[in-house]
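Take a look at the structure below.
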Amino acid sequence: MNSLNLTVRDKIKNKTGVSARYNKFVEYIMPKILFLISTISIFVTLGIVYTLFESTITFFSFVSIKEFLTGTRWTPLFEPQQFGILPLLLGSVLVAVIAIAIAGPIGLGAAVYLSQYAPDRVKKTLKPILEVLAGVPTIVYGFFALNFITPVLQSLMPGLGLFNALSAGIAVGIMIIPMIASLSEDAMAAVPKHIREGAYALGSTRFEAAYKVIIPGALSGIIASFVLAISRAIGETMIVTIAAGAMPNFTFNPLEPVQTMTAYIVQVSLGDTPYRSIAYYTIYAVGMTLFIITFVMNIFANWLTKKFREEY
Amino acid sequence: MGLQRKSFDAGLTALNERLLNMGTAVEEALDKALQAFVDHNNDLAKEVIDQDGAINDTEDTIDELVIQLIAHQQPVAKDLRRIVTALKMNANLERMGDLACNIAKTSIRMKLEPELEVIQQIQEIAAIVKTMIHDIIQAYINEDVDAAKAIALKDDTVDRLYKEFLNNLFAHIRQNPDEVETLTQLAFLGRHFERLGDYVTNIAEYVVYMVDAKRSDLN
Amino acid sequence: MGLQRKSFDAGLTALNERLLNMGTAVEEALDKALQAFVDHNNDLAKEVIDQDGAINDTEDTIDELVIQLIAHQQPVAKDLRRIVTALKMNANLERMGDLACNIAKTSIRMKLEPELEVIQQIQEIAAIVKTMIHDIIQAYINEDVDAAKAIALKDDTVDRLYKEFLNNLFAHIRQNPDEVETLTQLAFLGRHFERLGDYVTNIAEYVVYMVDAKRSDLN
Amino acid sequence: GGTATPAAPSPEKPQAEAPKAEAPKLSGNVLIDGSSTVYPIQEAIAEEYRSVQPNVRVTVGVSGTGGGFKKFTAGETDMSNASRHIKGEEKEAAEKNGIEYVELPLAYDGLSVVVSKQNDFVKDLSVNELQKIWTGEATKWNQVRKEFPDAEIKLFGPGTDSGTFDYFVEAIIGKDKKITPNFVASEDDNIIVRGVSADKFGIAYFGYAYYEENHDKLNLVAISPKDGEAAILPTEKTINDGTYAPLSRPIFVYVNKKSFKENPQIQDFAYFMNEKAGELALQVGYINMPAQMYEDNKKLLDSLK
Amino acid sequence: MEFATNKLDIQKAEVFQVNKLNLYYGKDQALKNIDLSINENEITAIIGPSGCGKSTFIKTLNRMVELVESVHTEGEVYYRGKNILDKKYDLVELRTDVGMVFQKPNPFPKSIFENVVYGPRIHGINDKKLLMEVAENSLRGAALWDEVKDRLNENAYGLSGGQQQRLCIARCLAIQPDVILMDEPTSALDPISTLKIEELAQELKEKYTIIIVTHNMQQAARISDKTAFFLNGEVIEYDSTTTIFSNPSDKRTEDYISGRFG
Amino acid sequence: MEFATNKLDIQKAEVFQVNKLNLYYGKDQALKNIDLSINENEITAIIGPSGCGKSTFIKTLNRMVELVESVHTEGEVYYRGKNILDKKYDLVELRTDVGMVFQKPNPFPKSIFENVVYGPRIHGINDKKLLMEVAENSLRGAALWDEVKDRLNENAYGLSGGQQQRLCIARCLAIQPDVILMDEPTSALDPISTLKIEELAQELKEKYTIIIVTHNMQQAARISDKTAFFLNGEVIEYDSTTTIFSNPSDKRTEDYISGRFG
Amino acid sequence: MKSLIVRRTYYDRMWQGLFLLSTSVGVIALILLVSEIWSEGSGWLTWDFFNNFASRFPEKSGIKAALWGTLWMIGFTIPIAFIIGVSTAFYLEEYAKKNVITRFIQINITNLAGVPSIVFGILGLTLFVRAMDLGRSILAGSFTMALLVLPIVIVASQEAIRAVPADLRHASYAVGGTKWQTIRRILFPAAFPGILTGIILATSRAIGETAPLIMIGALTFVAFTPTSAMDSFTVMPIQIFNWISRPQADFQHVAAAGIIVLLVMLVSLNSLAIYLRNKLSTKR
């Protein structure tokens, strides 16, 4: 034993120079390499901002910011060209509001069901199934909206057009249900088991435990899931491109066709718009608007999460 | 600080209380035994002998209490010394009870009434021993090292008086060989009181140990 | 099972070892004191008196060991009883050492040589007491309740012999009142042996308690 | 859809039609980009060409006529599809970059104006009436013709930046008037089909091909160039001979001269394209041009060699 | 004072009476043939090595064990004369009668006040004044009032571990339970907080019946009146604490309490 | 036997010599003017109430405390004569000399074998036979060999908590450290496993110097030679364990060890 | 009291019903969607469908180019995203000091996760297609997609790394492990299941995305399987989008068949992720 000790100890102590030097070098160089790589995310953001910004500036040399922000007509591809972003913005908001109105309660309800009521095996099956919904490509939803949701709606509301914000909103809503359900369920599951037990031990029904203890405890996660879902809804492209119609429409009526910011960008990029025309620059201005909105929402989500986070 | 361990402290209080009771019982037994001897009152002496059982039982209860306190409360340092001291003191008090009982028995065994002088000498010793007993229990409860040491000093007086008493006795026997049995009983009686003094000294030593964690020889 | 608590069990072994040593020391002291008395050998008697300090020290060490075992190992149930028994036994053994010492002192104090008959009687008692001491320590170590009870029974013999011895002695004094001091010393000597028997009985009671957790009165 | 030409056969099967079996094996790339309108024809040509020269890799992008010209005039593509003629600025760019090109007309696209099968009142419309409808002057059907019902007109049309849209606006509304933005637009003509077929009061226009495929859901509207003149339905014949006016237009491909000269596979493909365009145009829902025009194209190509 | 309870007091009412209780997690039997009765106004300690079924047992007493899906029970558990294992026995009612305090303090992420009045609130009490009274009484009962009375509206997570545990006890007291189950309530606490909780438990037994699971033998010895020793899902010995810790009748009990087990 | 160490053995070599150590987390001072020296082949226990700086102190001895970024130290800590707080002191070397066992058993999610040889491996030893030897010796040293020798390739998480902790000790032994730091190594374990670890520690001190942090006063009393009592970042008393637990010189120490503190 | 308990239990039941209903909405939607697509497209799933290129004839149309295009694109996207994402995650979790730069990077990443994909399309078009002159090549598409899924990979990896208990890290340091050794031998293996889940989710996102590729112009007739990263390509969603917009009704079936292939691919990837999540991570 002793001789062995010596050899091991010796080997550890007088490590062969190569490996020691190698270790030192790795130890020195790795953080630097990793740091460089990690700054890529900054460059991506900068890249996005720069890309959008440069062309947006050009755009604003043609169009006043005031018109852009307050105009209620968006007709860059028609004569006369008008550049009021509000119809697009309203379109995006309308779709997002419908989506969240659908997905919020349903997603949260599903989350509560999964975390509070569902037997373990049911939960283990249902949750992945719901998550599949989130992975379905959005063009599929687009056509689902068009082929299924709209006809159903039309049979309920005769006179409803094929393209409307409602149907697109519902499809987007269905798409983001799993996002809310799954993330909220995660947040609820993260409420420690012993706190849950505490509620039951005081004679709470499952609903009371959910309503009074678990949801408040998971609030930061739930809010974050909502905000993420909203920004996903605002950023959603293909569903609205396909199902909402492509009509910049300054309206609050969900039964009318609308165009969202994202759908507009796709429309332009698929079309024959001459490069470097004002119409071409509009996609950057719209993209910038979209970016700023989602950026602000994310910051907001971050702030909310921090504010409501519970330290158990 | 010091507010914790209510139940342990309650246990300690209970222990002290019982020790105090036991001490009182021993003092009483001693008083009675002495009285029985002085008055040659065999009934009183028998009473003392009968009551020794109660003292012995108290010893068992106290031992039990100590054992439970150790088992339940894991005392350390001074707490532990206090408890061990209680255990030792308990044994000593019980022996003192036995001695009181012996005194009573001796007094019964005595065929003749001893002389007044002898009785006075015994009473003198008994008086000192009784204060010693009383004081040492107080010293234990107050954790008073100085008092304990002072009490132990008194044992020297007891020893001196005991020697005088014995010499006196021997002189007597030489004069009255017929009374040898009674006189021998008286010698034993004296010895019992001397031993009582020793026990108090023992307790005094434990009190010192309890407080200072130092062994001392106060003999 | 039973493989845990090595360090506690090591502590117990150490404790037993020391108790055994102490028992042996007490037996030896007793042997020597008796020899000194028989041979009227004051030097040997002095040796016994000198060695009592060592026995007292051992008592302190054992007490310390017990206290540390309690403080460090939190014994409960039988473990705790065993330790408390050790503590009590320790006190009793120490007292037995003191008695050996007293016997030696008594033998020195004796001015005259006692009669052979008396010496024989004393030796008879002493022989019984010595086996009792030896046996009780074994019984403790072997946790042998039956042996302990048997040993305690022998105390009755001791008591009987002691009574006979005393009567014998009183008869003597009546005949030789001048030898009263020597004879009183002899009475004390007898009493010391009788007390030794009592202590062994005490220990026997503790052994029973240790094993069965029951208080018994083997007197 | 027709099944006339068994194009793109599975590789294992021997080619059913192998007239050019003795042609030299060519390889290389042919990069085509541009109009989405021309895309279906060009795609069909590329598909057919694969069975002739499987090692030549033809890609057809859809950047729109403008986007296609941007790349074409920068020399990035070999050919550019266009649903209109090249514009002044694009010409200038080409000149600046030293790109020379030729324009080949490939086929006609006849725009069809359609209404839903449920629509029992519109059979024909004049250009004037169409103008009223698409400038937003008339928002109800009875404002177009008295006898039409009092109901909102629902408009559907191709995306505002497609060549089809441009052409329709130019042909029906003209330069000085403005088309209403209040119509549902889609880049996907199928969606327009679905929209209009579901709406009794809807009206739409798109490439003839889409009507052909959906004639069970749609009613074709005959167009009279002037009020009172006979209304004409778009058919192969009426488009080809120009009687279906003004809603038929030629579509083009632009070929980079230098690429053509230097790359045998591009030459080969260009000839193949010219040869097959008419036949394939019909298959994908466009109308072929008179044979003479393909002859002219061929000559033009010959002159480039 | 707990130093005189060598004999079982027979006059005390039985709160729980467990009859031939068998409990299975799926196919694994975790409790075997448990027979046990628990007296009013006593502290009953459950001790035993890890995995012997202590937690399972006390969680059976308020049927929290059913939160694990695969659980299956046999036998009867009478609470004040009614069999709580009866499927018809109302769980909400049972858990209102039989409160529970857990190993790790588990306050809700709410204010101190809201934590305490959670129970009364879900039981339909909303009168602010009444709630305030309940809160004060419960916090006093849990010996926490003085420490928190000036910050009732602060978040409970601002309290120390020991305070949180007492808060949980207060929360449990607020529904005025009859029995309080405690599953290793001090194992996450430092020695000082542990002592406080122990003393609290001893005060509480004046009014409540307490059943406490503990790994700490000394704790069981210190505070309980009765002790049950569990081993492999069985009750090996159940007796007064004094007997268990001074003279257990089963060798395995003695081995366990004197640390010679394993 | 530990029952005879009333006086400090002066002949034992000093392993650590801490001089006026001050440690700050940001602006909060966690250790104040610590002076302490630790002897070879002894078990030194660090006790004190929660938050008094016990963990901080022992983590200073292998500079694990620096994993917290805001940490700032003053003073000197000599290990075998060299100041380890010197920025130039090689951390890898220090931690190879001064091993550590943590509160919660923390085996890697690898096989038992790979856990033990992790240290030797990262120090460049790859010879399979040698590693096998190291593994066996270390596992024997940690009194675990017999229990795991037939399943060295199974995942370490299959072991019980107590076995996992001994595995962690084996892992630490495999690099043949000089000193072993233990931060409450038994607080997550049941009493039986705790006893095993305690006995192991006592065996290990024959070869290693051990410093152990514990909340369990009895544990400190049972196994250590010296005990240091920390309070609010200061060393209140440092003496032989026997003295600390029988006759501490500071009132605060006595109050703490007898549970009267807080 | 008693009646109150009855009422509370009743409420509980009622809510349970509502919650179950919510859950079924999602499931029913999925069933409808899948059955709709299956009934449209299942008959068209033939061997030829996988082996043919796009054609103007529905019955000859196949998904070969799109399938290979997708595989090629993913083949570049995932390694890029993996290397950048995991490196960034390890830098942030293990090396980065908690300073302004770190926080800035972190906020950036979270925000990138919320940036609409179409905006990434604009970036890809401007940066990779035009500025870097990669054209509409696989590489341009992969870069764009890699950037798009990067936040997913980074965040998932960070979570996975954070989920590795700190005491494993400490254990490694305590036997003299260096930071890099600890990362390589302990943290990476322990976090790998989580990282893998992130990667798989990123992959399914990249496979299903349409909009950014439309932006960079991948909607192309391609009748060959790519042979280099600079080749033009098309991907499945775009091919499907293309088919959907064909006038011939039969192309709707072809599109549905394409959707089935896409869904099967996604569902298998998701199942793999779930399997890994459940299997590998329950070890501890």
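Per-chain residue numbering starts at 1, and chain names A, B, C, D, E, F and G are given in the order in which the chains are listed.
We adopt the following convention: a contact is a pair of C-beta atoms (placed from the backbone, for glycine too) under 8 Å apart; a residue touches a chain by one contact, two chains touch by 3 or more.
These numbers were taken from a predicted model, which means no experiment stands behind them.
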Contact-graph separation of subunit B and subunit D, given in steps at minimum: 3
Using the stated contact rule, I'd like to know whether A-G or F-G comes out ahead in C-beta pair count. A-G
Distance in whole angstrom between the CA centres of subunit A and subunit D is 38
Can you check how far apart subunit B and subunit F are, centre to centre, with Cα atoms defining each centre and the answer in Å? 51
Report the inter-centroid distance (CA atoms only) between subunit C and subunit D in whole Å. 126
In subunit B, the residues touching two or more other chains are 4-5, 67, 71, 74-77, 80-81
List, in ascending order, every residue of subunit A touching at least 2 other chains. 12, 23, 205, 208, 266, 270
Residue numbers of subunit F (touch at least two other chains): 92-93, 96, 119, 123, 174-175, 192, 195-196, 217-218, 221, 245-246, 259, 261-262
Chains touch in the following pairs A-D, A-E, A-F, A-G, B-C, B-E, B-F, C-E, C-F, D-G, E-F, E-G, F-G
Along subunit A, where are the residues that touch subunit E in the complex? 119-120, 192, 194-195, 197-205, 208, 212-213, 216-217, 310-312
The residues of subunit F that touch subunit E in their complex are 49-50, 161, 190-193, 195-196, 215, 217, 259, 261-262
How about subunit E: which of its residues touch subunit B in the complex? 1-3, 192, 195-196, 198-199, 202, 218, 221-223, 242, 245-246
Spell out the part of subunit F that touches subunit B in their complex, as residue ranges. 217-218, 221, 245-248, 254-255, 257-262
Per the touch rule, the subunit F residues reaching subunit G in their complex are 62, 64, 67, 69, 91-96, 99-100, 102, 104, 106-110, 118-119, 121-123, 155, 157, 168, 171-172, 174-175
